[in-house]
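Structure, as structure tokens:
Chain IDs A, B and C follow the sequence of writing; residue 1 opens each chain.
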Amino acid sequence: MLDIRDLTTSFGPVKALDGVTFTAPKGKITAVLGANGAGKTTLLRTVSGLIRPDRGSVHLDGQDLARMPAEKMPGLGLAHVPEGRGVITELTVEENLRLGGLGRADRSRPADFDRVYSIFPLLNDRRNAIAHVLSGGERQMLVIGRALMAEPKVLLLDEPSLGLAPRAVAQIFELVRGLAESEGLTVVLVEQNARSALSIADIGVVLNLGRLVAQDEATALAADEKLRHAYLGF
Amino acid sequence: MQQLLTTFLTGLTLGMVYAAFALALVLIWRSTRIVNFAQAPMAMITTYVALVIVDAGMSYWIGFAAALLSGLVLGAVIERVVIRPVEGKPEINAIILTLGLFVVIHAVAAIIFGSGFRSFPAPFGLRGFEAGGVTIALTGFAVFTICSVAVVMLLLVALFQHTDIGLKMRASAFNQEVSRMLGVKVTRMLTLGWALAAVVGSLSGLLIAGGSLVSPSYMDSVVVYGFVAAVLGGLDSPGGAVVGGLLLGVSLSFVSGYVGSDLVALASLAILIVVLLVRPAGLFSHATARRV
Amino acid sequence: MSRVAFGSLIGHLRRTPLRRNLIGGLIGLVVVILVLESVSPFRQGQFATMAYLGIAVGGLTVLTGLNGQLSLGHGALMAVGAYTAALMLHDVDKPLPLPVVMLLSVLVTVVVGAVVGVAAARLHGPYIAGATLALAVAMPGIASFFGDNLGGEQGLSVSTPEAPGWFADAVYFLTAHDVTGTKYLAYVGWIGLIISFVLLANLSASRVGRTWRAVRDDEAAAELAGINVGRARVKAFVVSAACAGLAGGVMAMVVRIAAPSGFPLTLSLSLLTAVVLGGLGSLFGALIGAALLTFLPQAVTGLGQSLGLGDLQSAQLAPLVYGLTLVLVILLAPAGLVGTIRNAWRRRQSPDTAPIHPQQEAMQ
């Protein structure tokens, strides 16, 4: 369970996050929604230690992660898949995965590779290819697989659907759904595409100009026509 | 025919040294996008460390090891103290900074060790091998030069391709933020990169000095040759730097042997300009769309 | 003339850059005469050195500060100018008139500078630094290679021309002092400096200067605005090379020799130090930088000797100070060098302060 309390982050005089409070329950998918510039990406970057918050806390299993450096997060069970995917394109597929396993406290085993390859058989076929040649969908699989190498408790996913064909999006979402259900992974999913995000999420939170304006069951949010028109654009 | 062979072998030996120096530049460029012009005086001053030890009556090999070790420390300290603040700043800052370091280390060396020439020993013979009454221009020291650079290169390949720390260093060089997210202590990797580069630079300093004279400025032209070699290889590619170094070494050896040794630096300038204008991303690049 | 008319005339003169710079130049000339006539021959020699360093630093300041190009090869360009002058002043009975010699030094260096500039204009950052560094390292070898004509390692000795009669008369008329060899060279150097600085100040205030700054600040934007970026960069390099050529010509006469050892890599790096020290982009700063290059070595060498260092060691303290200066300026300007330049320019371009150059400074 990831418990975010009063998280506030500013860029100079501008408050990009203003007292955001919500809980992402274990084994569930929490969708973070909102328009461009609502603070969704800033939220993830603050949680994962890339940006220092002004105040607030981020508790994971009783430990406060806020203000910890980003490089400590994998060891604490938090994995962040950034927007634009963050494949290191100069390395091979397998090297990217290896890198993902280096952050955890214990060493990764061959079994971890097998697990990721069994989830993403496509990656197994291209394990020695330079990541540069992968398609957008394959890259998205690679970064999720890489995050799984660290056996995280919490997975932060930033815009996984960006630039992907609808079929690839459906595939990725299905996979994330499965990981949450079968392995008890806590997923925080940032999405521009609110409709499809709510279709797989358990809970939705809506940000507007850095503030939390709504939080509810995903189905309830999807049913709230006024909210949809005001903030979600569908 | 014999002169041709001699020129070629001399060029090959020098080329290995330029390759090592270019490799040092590339290691730093890849990770911090800085061309370390101060690499030359850094290598110079570590060679003086070896010279002091040898002059004190100790073995060449103790001096050799001490020079590499002091290179390691010097590289790490310089990255931590001086370079860290300009990483990610406008590139002109880093350039002027490394030039400032260049001048500082020069002056410090001249104050401590004097600005005159001093002879530096070589651990192996400087006479060519004889084969069937003909002397081949390959000296014992040249063989040592080629072998030691080759060994260092193999060690680097092993480090980067087959160890976790090597993987982390490569990842940090390519994408700092993603590396941090994956738990890599990027700043530590950059420091390590500078330290390793300084060791390789120190090695080339020792090899240039062997059996020859050293002065505070004896490495100044080598930084130019190393830079040209690195650019030949695309500045980003360790393999390219090695090939570039060998090509340049042989080319310059022919310029020296058949045109005049005074024009070697000018020839390297000409090669640099031609490469930058014709193939700015290096001889072995596929894509040429890069700003130089 | 009424006070109003007089005021408006002054106002008019101050408003046009050319006239303002000319007035500044004249005032600068008066200051130079006053200073040179009141100091010892030893100091006159130092001022002659300062003059040629100032010309070179001024040219490099325009290149780096205004156009954002770095050159580590200006020492080599000075060598071109120096050797040109030396060839014309070496073992000749009837040397060409001095202005002709200087002009030829400038022209030859301009040709070399144009070749380098065309190549450099397409390069950026570390590439241009590396290429010009190669130029600085390569230049002494050329002098050795053409040893028959250029004197090899020993170089070419330069017989310093006598002051022409009319010049000596003019100085005597103004100051009631005779013109010695050293003082004449100091005059030549400073007149050269004033002429080149007036021209540089004009250029920098003109359309050309604005183009250069636009290219420095944002190349893509400059290109979109219809500026031929490559041509602007070559122009800046050529202008800067012209200054280096003149500086080299004066230098050959002041040190009475043109030899490879006179143009080491450290000369180029010292020029860069002076530019950075002088604040990148201001001609007044360039003059300060040149003054430091001239007078600092003696001061710190003296300091070193009083601290018990040997002569040779003390002589290395000056470069140590230069290098530390470069490092410290970069580290202690947290906005970054480019930011500092921009701030400086913004301050300067605000309407109530006129562009600063040495003459202008003297007026204020």
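Some observations on this one:
Here, a contact is a pair of C-beta atoms (placed from the backbone, for glycine too) under 8 Å apart; a residue touches a chain by one contact, two chains touch by 3 or more.
Nothing here was measured: the structure is a model prediction, and the numbers come from that model.
Remark: the per-chain Cα centre closest to the mean position of all protein Cα atoms belongs to B. Taking the mean of C-alpha positions as each chain's centre, the chain lying farthest from the centre of chain A is C. Averaged C-alpha coordinates put the centre of chain A at 43 Å from the centre of chain B. With centres defined as mean CA coordinates, chain C is found 58 Å away from chain A. Centre-to-centre separation between chain B and chain C, using Cα means, comes to 34 Å. By the touch rule above, chain A contacts chain B in their complex via residues 48, 50, 69-75, 79-80, 82, 86, 88-91, 95, 98-100, 102-104, 146, 150. If you check the complex, the residues on chain B that touch chain A are 164, 167-168, 170-171, 174-175, 177-186.
Remark: chain B residues 29, 34-35, 37, 82, 85-86, 89-93, 95-97, 99-108, 110-111, 114-115, 217, 220-221, 223-224, 227-228, 231, 260-266, 268-269, 272-273, 276-277, 291-292 touch chain C in the complex.
In the complex of the two chains, the chain C residues touching chain B come out as 68, 70, 72, 119, 122-127, 129-131, 133-135, 137-138, 141-142, 144-145, 264-266, 269, 272-273, 276, 309, 312-313, 316-317, 319-320, 322-327, 329-331, 336-339.
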